[in-house]
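Down below are the structures I want you to see.
Two complexes are shown next, each including chain A; its partner changes from chain B in the first to chain C in the second.
Now for the complex of A and B:
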């Protein structure tokens, strides 16, 4: 079934954040900090205020008068003294045109000391494994997990395989930059914005501004790509502040350069792995991680939260020690980027598994099959592994490797990678169903970000649940003022969580209708001509006859909620720091075939196959689209994408010419195969899919390059220069 | 400086409007004429989201000054379906679900229409794809777009 937004979008009718416009609106511009590290002495707005077209200019000193209680002292809109990263906003102006606003922003005089920036985590911590003092001011998080007797495992091993991997910072490159429109009037703060999390923005922006959540309304728009970049308040607090100061609507939007300079994405890491083997089986592993957390504040670092646990799987390892440090640097804070940090973890883990199996002379897929989790196993932190399609995917990958070995020219490298992920439930989600005589409406808070999870996924769940055709089901997205709560479009959770809420609301709907029709057992809905009917056995009753007079207009309304349970982790193993309890595991087993230019080090991906554990495919088009899109984005992470930070905290490649994402001419054919039957916690056993397909791509490509050349590249991305170094050409 | 210029947009009668000398066609279309279907992306000519046809030729509206195209016929996504070729391309994108967030979609549809017009209906898929290299998509991985290209090429006229 074609997604319901296809016609609107292909005709140019979808309104995104950047398209917002209203009468009398002003244009905002932010004033960036001119240094990466320093102390703010003063922000002089005098010249900016006198500039043509300027209506207001606000800086740190204005917050006290504009915000109740002066805003949030711990998370101020503008820094009070210390600058944490270059281009950190220190003031904002609003003017009658964008050109005037930008010109005025340049007139703001920012007096700041210029201190040496801390950019490269290996400058300060070059020795590995390094023992950091727990009171080191740059450590924002320290995590330790261990189990079993690792010393004994290493002492008795046949061999210990050791390697250090490095990964780079990346950027989201959602095609639509951040944009919002704010209005403050009569004590109500309202912002219309392109966001993955309307309720998340409400909570976050209200906290930053120091206003009650109830006084802020967040309304979404169509989202021109998110990938994690539009998951928390970003421009909204500044726009709301300017609207409050000017008394007029304010549009605030970023250009691509600003997106690159201040975007909150994955930052560099160093991952050291040592693995002991006895009789062809892994007996122990030491994991060491240094992660650049950017300008994250202690307790607010995102980096070590969700994904570090992905360094501890998906293999059975009897004894392990894991220690990770998140290090604060003078870059924008680390933020979520499609399966945050998991592609980097899996690049390290599965490069390591591949290299180890080759050293042992064992087939790399066989070697993984010996160790990979299966249902009933326990994770490193002793969580139960539920239905998990990794082994099934590996069997399919094995056959694919053999097929390509026969069919592809000699010299082709073939590599396998296993990604794994846990469908998040977030805090939870709720929907409201409206059943009228002719249609079912699903009202909820989220706006479509592209994956189809809202416009198609929720409809697909309702189709299956009620047995109704697609054209009788409509999804509407309403603002935080009216919509039931949902925690956001992230963590591959939308269909898994909100879909379950649709089922819960559906059960109430059928129960109510059944009672009104005095039916025995659970009835179902069906279509009879234009009308919807309630069916039980041979009895058919038009829905119209079951609606009360006051329901004729808005329909019979029921609400449903789904708040997922979080799993438990073993505290005797998770010794220090935060490890997230994963619940619902998904496997992505990918196979890449590459050719490597032996003179330039350039890698070309010839063929690609993705075996995706999905539980149940709810919509074939959406399934294929997510896997293909994830593979493409992963190929960028694998081969070209890298943010290049200078020692003074300047980003050297803040544009698409120098930060290269895949183009249409570079895509290999991709075979997409669903592995169904390992049922997840979502509706009809579905598992989340937004993130998983990006995860194993860098590992599969790196392993294919090693297969082609015998040389292992241990740093992402695999640029020609790095490959050439591994081939000893440089 | 501001000067008058005349544009024939999507077949409408030529309109005379006052536009600053340094205004880009992208901004004239979006903010003066309200044609927001043309998407603003990088503004540096790298992403292709703002592609329009100027006298039938694919053009990046972000790198074009409005005064450069005084008197020209401009076709945007809002008017592309008036061209049967444009309607075919649009239908192929819908049928193949060659879109996700949709932000790059108007640019792709206009670009493919222009490239087909330029190269003729016999042009190979490879030649058509060559003409789409300046259009970036971050969601689909391009493969559904490639299926739409094949459908346009191989489908009924």
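Now for the complex of A and C:
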């Protein structure tokens, strides 16, 4: 494996958001709302403005003077009246030092009523599944899909398996907190920020501030982990506002505690599944989803419509009815977390499939093989399933289960989970290639977030495409002012979509060079000593000779774009609400072996195997690392991670002492196996890998616990106490 | 919250600085692994932090059958000492349970005791072992049993102007500490159980952590353990007595009922572990 950022990062040379500095820079601090629900009466900035070092303090009343039309009325920077969640920013200060800014923020007097907070979705909807009135003010999204005669399926069934699953909130825990540096000068707003989506931040921040996108420049930095937390604009509008108010550069960064308290994390859910079976085959399924959406604004919930599809796959279900509600509560808005909400859905669906097969006395893997999608099948919403490695992965998993049954001690529980994902190649992107006499430069907007998709993934595509060695290819990341558009590093799309853009730009490059060299057919690039050469048959021409004089400096430039098709949903099935089409399915079949302490409920993961449908492996080391990382993160979701929300909307564990991410000591040996050949829409048939490896982990672990003990834990995470309850120890 | 750091070189100077109110309230710091969190979040309102790291207390020695540990000795030193492993296996169990290895190179025995966290892994074993604390003030020394020193959650017998100089622990080759956590590594114990068998008379000591108001001995359970090698039935009765006696609460780490359920299991396991260690020698 060769990563161009490895040396830089190991020497501490990479500049992250928190490292940003410039002359005359001020430090920003946000003023958090002291209640989870209430009406804001006033924000008094007087004392803060008089505090040492303070240059500017801004609150709701200052927006009108600082922003065109006072900013976006629907999405105001600061709330005008209603407080939606505890720690919602209600004002901001900038001072000459961080300590001064924080001290001054504490002096801001926030006068607010304290109303009862709505925190636990089941407090309001205890009779669940219930008929929620569509005009219930707490429902921010309602989705309904159905197909076939479910009533008949349930009436004629041999068995209807019903179970309710609950999942907890989880935080991202990126090593680097959110951080940005804003400068406003001469009508140009500029923010340098640790982000997964420079263009997304530009669009979002401009909308919130009410300024034209063209007047805002967003430049990325090295990102110390994203996991979905650094997608949309977050700190940037506040920093830009402070910069505009003070006329000086302002750095605004979260501390680790603020990251927990104010961050947009995944929130709790309740999932109810009823599945009918006739002659050993599933005939129908009812799905009910109640998702805590936090303080999401109506129309801005994406998770319900996106994730509910995961509750209908990857299995063939002839008749179904599904209904999902996103419920607004007094928590920070729901935010995407690596494979947003898919691990939770798959925990429910594959716990359900596992429990059902055990009730039927059928091997759980065989039962899944009976129903799993294969190429040519249709999803619940009638999208075609393309090349899909689930069945192949299940066959391998079957053999692994048998091997472990032979080799591992009696009492070991073995469980299987299948995750599936849709690589979001539909989200488009563009790159610009610069070919000089000696190297190829890939210019684009994204900055490396840690997975390697930018610094290694795009280089690996170019290596294969051009046949060039790694050291002749360089990726550069430029700002939204110069880089061609890209959607962002999310949805496992970076290599799949931007890699295709590299190919498209590459084709133009070779075509142009071939024409200049009067070559017949498609030439290729090669290395000859220090120089790059163009090769066609036996003809070899130095690239330097093919460059026009004005290209000697910056190279021959071509641009390439990839805007994939996103497919269509059958509108007769998707009855109400917004659903998202899936494309380019990826399967992750995982097998976990666990031991369970039957007196305490502690679960130890002994062995783990991951069979990953990947289409084509572009870099074996990166492939392995990404799968191992997904498994590690998924084990946290499975066993230890949960945000603990008090009835007053206070987060009880805003730090790593009681928000427990896995340590190396809990990490089992992981066997990573690529299932190649089910080609995806990415370059050389590659499929996205950012998110898939986390998805089936909770399901595989829960099924292993059920296998070991006969007891099913229906709530994530599987803490020792929850397992102890399932074992009826208390 | 910002604070100033003072680094006295002698015990006398440290005691004087702590007694001097100039510059605001002061607090002693050893490893700081617990205190710094409280300072950072404003739970401890001191503006002056007096470091004990230059005092001659980073020590460990045997005085016949007692281990005397200087209060600023890093916990990691205890965990790796062969004599301590042999003569005080329960203490090593407890020390190894604290945080991560990196943290144990920083954290100290005196700091753990002085901070008196209700979930301390170290206090229960010091109780079971019958350890005593040596306190020093400008006026002189006094020795206090750990059971009297730790009064309640975050409350000790330490008087203003006093510091913990050392902890004296009698050897107990049959001793152990076991715990339960959500995450095995680097987590706070939900419940901890320490046991130690003293030679004369052949009595067992049983102490619990994760209980309120502070880690405690359970004499009701100890009374049931009359033999050096108690029978399974005896152990079971003792385990049940411990579960009945202790006062648990529900908090973010565990419910009251789960903690109570754990205690009997952990008492059985602790005794078995202590005896297994003995059998393997």
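Here is the rule we use: the second predicted complex is superposed on the first by the 726 of 730 C-alpha atoms of A that agree within 3 Å, B and C clash if a C-alpha of one lies under 4 Å from a C-alpha of the other, contacts with A are read in each partner's own complex, and residues count from 1 in each chain.
By definition in this document, contacts are C-beta pairs under 8 Å (C-beta built on N, C-alpha and C of every residue); 3 or more make two chains touch, one makes a residue touch a chain.
Just so you know, these numbers come straight off a predicted model, no measurement behind them.
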{"item": "First (chain B), second (chain C), both or neither touched by A:730", "value": "second"}
{"item": "First, second, both or neither for A:218, with chain B first and chain C second", "value": "neither"}
{"item": "Touched partner set for A:657, first chain B, second chain C, both or neither", "value": "both"}
{"item": "Larger contact residue set on chain A - chain B or chain C", "value": "B"}
{"item": "Partner chain in contact with A:139 - chain B first, chain C second, else both or neither", "value": "neither"}
{"item": "Touching partner for A:175 - first (chain B), second (chain C), both, neither", "value": "first"}
{"item": "Partner chain in contact with A:632 - chain B first, chain C second, else both or neither", "value": "first"}
{"item": "Touched partner set for A:665, first chain B, second chain C, both or neither", "value": "both"}
{"item": "Partner chain(s) touched by A:600 [first = chain B, second = chain C, both, neither]", "value": "second"}
{"item": "Contacts of A:10 with chain B and chain C, given as first, second, both or neither", "value": "first"}
{"item": "Where chain A meets both chain C and chain B, residue numbers", "value": "657, 662-665"}
{"item": "Complex interface listing, chain B residues touching chain A", "value": "30-31, 35-44, 46-47, 49, 76-78, 81, 90, 93-95, 97, 99-106, 109, 129-130, 132-133, 135-146"}
{"item": "Contacting residues of chain A [partner chain C, same complex]", "value": "99, 257, 599-600, 602, 604, 639-640, 644, 652-653, 657-658, 660, 662-666, 719-721, 724, 729-730"}
{"item": "Complex contacts: residues of chain A adjacent to chain B", "value": "2-3, 5-16, 18-19, 21, 173-177, 222-227, 255-256, 448-452, 621, 624-625, 628-633, 655-657, 661-665, 667, 669-670"}
{"item": "Complex contact set, residues of chain C against chain A", "value": "2, 37, 41, 100, 180-188, 252-255, 257-258, 261-262, 265"}
